[in-house]
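Shared between the two complexes below is subunit A, which has subunit B as its partner in the first and subunit C in the second.
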Partner chain A sequence: MKLITAVVKPHRLDEIKEALQASGVHGLTVTEASGYGRQRGHTEVYRGAEYTVDLVPKIRIEVLVEDDDAEHVTDVIVKAARTGKIGDGKVWSVPVDAAVRVRTGERGPDAL
Partner chain B sequence: MPPGITLAADTPQLSAANTGFMLICSALVMLMTPGLAFFYGGMVRVKSTLNMLMMSFISLGIITILWVLYGFSAAFGTDHGGFVGWNGHFLGLSGIGLTQLWPGYTIPIYVFAVFQLMFAIITPALISGALADRVKFTAWALFITLWATVVYFPVAHWVWGTGGWAFDLGVIDFAGGTAVHINAGAAALGVILVIGRRVGFKKDPMRPHSLPLVMLGAGLLWFGWFGFNAGSWLGNDDGVGAVMFVNTQVATAAAMLAWLVYEKLRHGTFTTLGAASGAVAGLVAITPSGGCVSPLGAIAVGAIAGLLCAMAVGLKFRFGYDDSLDVVGVHLVGGVVGSLLIGFFATGGVQSDAKGLFYGGGLGQLGKQAAGVFAVLAYSLVASAILAFLVDKAIGMRVTEDDEVSGIDRTEHAETAYDFSGAGGGATPRNVALVAPVEEHAQARKVDA
Partner chain C sequence: MKPDAKPDAEPGGKSDEGSHRHGTADAAASDGYPAARLRLLQEDGQSGPARRAALAGLTDAWLSSLFTGAAARLPGVSLVAVGGYGRGELSPRSDLDLLLLYDARADPGGVAALADRIWYPVWDLGLALDHSVRTPAEARRTAGGDLKAHLSLLDARHLAGDPALSAELRTTVLADWRNQAPGRLPELRELCAERAARQGELRYLLEPDLKEARGGLRDATVLRAVAASWLADAPREGLAEARRVLLDTRDALHLATGRATDRLSLQEQDQVAARLGLRDADVLLRTVYEAARTIAYAGDVTWREVGRVLRARSRRPRLRGVLGRGGFGRGGAAQPERTPLAEGVVEQEGEAVLARTARPEQDPVLPLRAAAAAAQAGLPLSPHAVRRLAAATRPLPTPWPAEARDRLVTLLGAGRPTVDVWDALDAEGMISRLLPDWEWVRCRPQRNAVHTWTVDRHLVETAVRASALTRRVGRPDLLLVAALLHDIGKGRPGDHSEAGAARAAGIAADLGFDAADTAVLTTLVRHHLLLVETATRRDLDDPATVAAVTDAVGSAGTLELLHALTEADALATGPAAWSAWRGHLVADLVRRAAAVLTGRAPRQAEPSEPTAEQERLAMEAFRTGGPVLRLRAEPEPPPDTGAGSGNGPPALAAGAGAPGGPEPLGVELLVAVPEQPGVLPAVAGVLALHRMTVRTAELRVKELPDGLAAQTGTAGPDLRARGGHGADGADGTDGADGAARAGGRAAGPSPAAVLLLDWRVAAEYGSLPQATRLRADLVRALDGSLDIAGRLAERDAAYPRRRGTAPPPPRVAPAPAGSRRATVIEVRAQDAPGLLHRVGRALDAAGVRVRSAHVSTLGSNAVDAFYVTDAEGAPLTVERADGVARSLEAALRA
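Presenting the complex of A and B:
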């Protein structure tokens, strides 16, 4: 199994969800995140005091998939997340040792 | 406030209309203090929100009691040397007849006393904006008790009390430009010179945590200010209060626009905080002056105040004093501007026949205004610094650096302003877990299982 993590622009979430559903992924976890890469923050002004806000709001999507599906699912996310502008984010995957469905106790790929 | 001149021919009778109007105005002014709490509360970081709200709310508690016990007597009792008042019947508000009128007016003394109480409440609360994040709550409570007694009650007497020296000199302060705003702004400066800056001032980001709260607060202030200003004529028999109402709206609009335009030119954007701040600056400046200028004059007063206050809020960074939420920049500067502009824009045709420079009155009124401004500013600045010093020596003004950094809400109030976490932030009940309903609840769950 593999854990695919994507940190992407918040407004692409719906596109990504739909694309994943269409390619048979049944579940995912979404977290609000913030950070920066090549895209840096913006400037805010409060009563003349200027602040550079470095951390840009992002969402972090996590999907657990079988090894064979990993590359395809990664491509699906990348395609749905891309706007072509700086700050589109990153997608990566790591191997996963074990997974258990809490309700039934099913293990491994059955738990997905 | 109008001079209590009464022609011998018409001894004032109780007016139900004026009495009703003034009770509503009192309630409007009361609402300004919660409004101020939100205005300030939104501007601090999330960890100090509740403390900021509480610094205003505690004033509603403490000052009310002081006012009943001796405050009203000290501010509006019989004059002693032009400095302070005293009237045994006002102590405890217990020697006042039900329909006994405030001398020269058509409203009962009770109504006058409660209207003035609301001013006494908001003035110390105004100071709190300069002290964000770092003042012990008990020290704040003690400070405002002393400050109201030593500074506000006497200064209100100087400016509005019959026989008060500024009142007799002819200083015009319709609704509190000197007694409320210069007074609170100078006090804020005095206190921060004693207690020092927040940890991380000019280094750490100190962005407002909720501008919607700031806007809500500014809206409540604007609304309540109609009571504050129009009500300060204590009745509606000659139309002056109505002019004040109109000018309050006009100057506030002009000041908001002026602040926004300045910001757009200087920083490139129209900000929400700029709109809220500009509105408050306009409200402050028209407070002393709205009864003696024309609506066009009110536009000038508002625009000048909005512009100067927008420029003044940057000074704290240059001079390095931590006026956290710009009490000095908005209330002191706005109050000074509004008070002095009377010397230029007074038409002589509304509340009194005093004319400003632009209406052929020469420099006389400007001189009187400057005397009032300077005296209140100097007295409040020095007295407040001394009081803060004494409280600091006695019980310490500031929380520890650790407590300040981790957040004054948690350390001084044992609460947090917002809980956004589904898991309740990991909170477990402690003493409440011992009471019966929880046990029943636990048993019910066992049965289910």
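Presenting the complex of A and C:
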């Protein structure tokens, strides 16, 4: 199993959700997050005064999938999240040792 | 408690652990009870009070048989039901509260064995048991140290064994309660307040705890305890019925969930409603809320009565002393102290009550005035006052008079105390009379996990939250009213924002807002979700996103209001609705939209040309070299009629209300003074001394005609040299530039410029002072012989500080992109007696000249703009402007 984590622009959430549902992913976790990457935040000018935005609002999406699906799901997220502009975000996956469905006690891929 | 749970080993008499089980001996008795219990709970024939009583009766018989079977020959022992069971009401999953009582005659070993033979069968059946084994003396001691234990013992009821023992306990516990009541009731009140703070108000919660929340079953029990103290009694009206509703709901909840829960969660509400035979969960919640309201209201009244009785008791000894010295003939209670809060409203014993002179029949604004005054002072509105107001006041005319609208805004802007005052009005149906649409949202539940509160409470909470954001907007009154109305469309068909906007337009017009303000309010209601939805779901880098917002909002002023409303709404929704993350996104969107809108924002309306009367006053002031003053009650005549007489009778004024706009508040005060330093603080100070509040104030420098100035010969050459300069000013406010500058420097008795003040003022209490007295004081203030600051400070000190919540701190800042000829300093602060006087003094102290001023008081918020220049008549530098703003803010905070 793999845990896929995506940190992306907030307004892409609906597209990503729809794309994931269409590709058979049934569950996901969304968290409100903020941070910066290579862009190091950005600077804006408002009423003549320059101010720096160092932490940019993002959303963090987490999906647990079987090993074989990981690549495909990652691609789905990347495609749905892309606007082509700076700050589109990042997607990564890590191996997962165990998963349990709390209600039934099912383990491993059955719990997904 | 689980069936296999062991009893606690506790010093002081609870049953000891370690005894063997006695289940078999009681099997015969238990066999019948569980079956009968099950039949009773699953049988459809019985429900409500009858079932609770039947369940208690069944349980009584079973426990009694257990007791007799085990202790037939044991003397000096009895079994007592306490708490809810003691009241003879058992819900399907209620605890059994039992006390095994014994005295010196009983053998301690035998008592322990007896306890086991009663407790174990109860546990074996899976029933929750709250048990103790005590002597009457121990029970009394426990009660003395533990208020909750004492309350539970007040409901003691004999079940089995020695009836005399049980009766003795009951008598002593009740006697103790009555004796100790003066000390214990305040403690109990504290306990209730703390629980209310923790659990919230039942009637506003979407997932209420039927027992612990304020207005719940626990509070109903407490009211019984207060009544048992014989100190005070609750208003009985509807109380038993309200309690029955909550108990019935809890029964259904126990049966629906199969658990001993008191929390009516969203997922159970449909099932519970079905069990109670109600149409749906909304009907269930409304019924429950009404019941909770009755109990909470009875609680408020009872506790205030307790407070009064206890205060009266503590006063009595001193009073006797006074009477003893003073002789006889002063029978009856002492006159309670009354301090005025507003016209017709006074404070008495920690409540806002109607003054003896109040005439609710003739004063339709009185309810709002009383409510606003109470909320601003942080006082509860006396229930008697509310009842009297509800019975006697006539409905407000539509559109509302200006004072009513202003008092509504003041009430909404009072912060936390608004909630209780609003609630007191609502309990008597007065809110629905003021705003008929309120009936739609009153007690309306929301099927949304993000929301904490019912719609009505959410609306009031939004106003409370908005009151903390009033310094961020130029129109706090619109913010507060929009907060109250933003969800008024909930419960109507269709999208609630659209439905609400349609209703808000009608309501705003009824409230007497003009067309422009009504349009802003409608926009705010229609788009109250726009910012949050756009910011979190759309691409902020896309110009179309920003354009969608600017198109919908239209102006920078409305955007600023919508931003504050968005935040207030989210904060009032629940903990999940607002976060720094969301705040950041919304602020980003607002910044981008503001950058687009600021360019096209209309400038603040400039004062119109002086009327003929103002010209006349200016000339007179110029000729006499002193202040000229006009005070009049009727609206200003239309400009084309020229200078009318300023002394028309007030009766005329009522009929002469302008048909187009809403009637303004207060009376008009015109003052013309030759320009000199200190005019603004002097006029404002004199008004404050005469207890007049300033509603709006326009101030400007009036240039005198060249010819006239030349005739006087003092400032002539200088003035003429600069005359052209003044005339070409694009900014009307600054038109008098040259003349004013000249006048400011002129040292002689005939300066070339006159300050024109066009103010609307209202008397705080009673009638207006005479214009001649105002003028006399103004002359003294200007020549320095009247110490206004000292007099105001003296009066301030004489008044007790009010407890109302602290208003947001004042905010003073130079307005961006102000006038080209002057620097605009914006002041936003809580209105207070003498505020304008302090502002004026601070501006004088900062060494700037006020060229014009636009002051308005909106509810309890002052929103002022001062157009200032340096001594030479030039706009201030950015640094200087910031410095002036900072020193002004510091002066207002002091």
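Here is the rule we use: the second predicted complex is superposed on the first by the 101 of 112 C-alpha atoms of A that agree within 3 Å, B and C clash if a C-alpha of one lies under 4 Å from a C-alpha of the other, contacts with A are read in each partner's own complex, and residues count from 1 in each chain.
The definition used in the following text is that contacts are C-beta pairs under 8 Å (C-beta built on N, C-alpha and C of every residue); 3 or more make two chains touch, one makes a residue touch a chain.
Worth saying up front: this structure is predicted, and the values here are computed from it rather than measured.
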item	value
Touched partner set for A:D14, first subunit B, second subunit C, both or neither	second
Partner with the higher number of touched subunit A residues, subunit C or subunit B	C
Partner chain(s) touched by A:K2 [first = subunit B, second = subunit C, both, neither]	neither
Which of subunit B and subunit C A:E32 touches, first, second, both or neither	second
Footprint overlap on subunit A, where subunit B in one structure and subunit C in the other make contact	44, 46-48
Subunit A residues within the subunit B interface of the complex	44-51
Contact footprint of subunit A on subunit B as seen in their complex	205, 207-208, 263, 266-269, 271, 273-274, 277, 310, 313-314, 317, 326, 329
Touching residues (chain side subunit C, partner subunit A) in the complex	536-541, 579, 581-582, 584-585, 588, 591, 594-595, 598, 816
Touch list for subunit A against partner subunit C, complex	9-11, 13-14, 32-34, 44, 46-48, 53, 55, 57, 83, 85
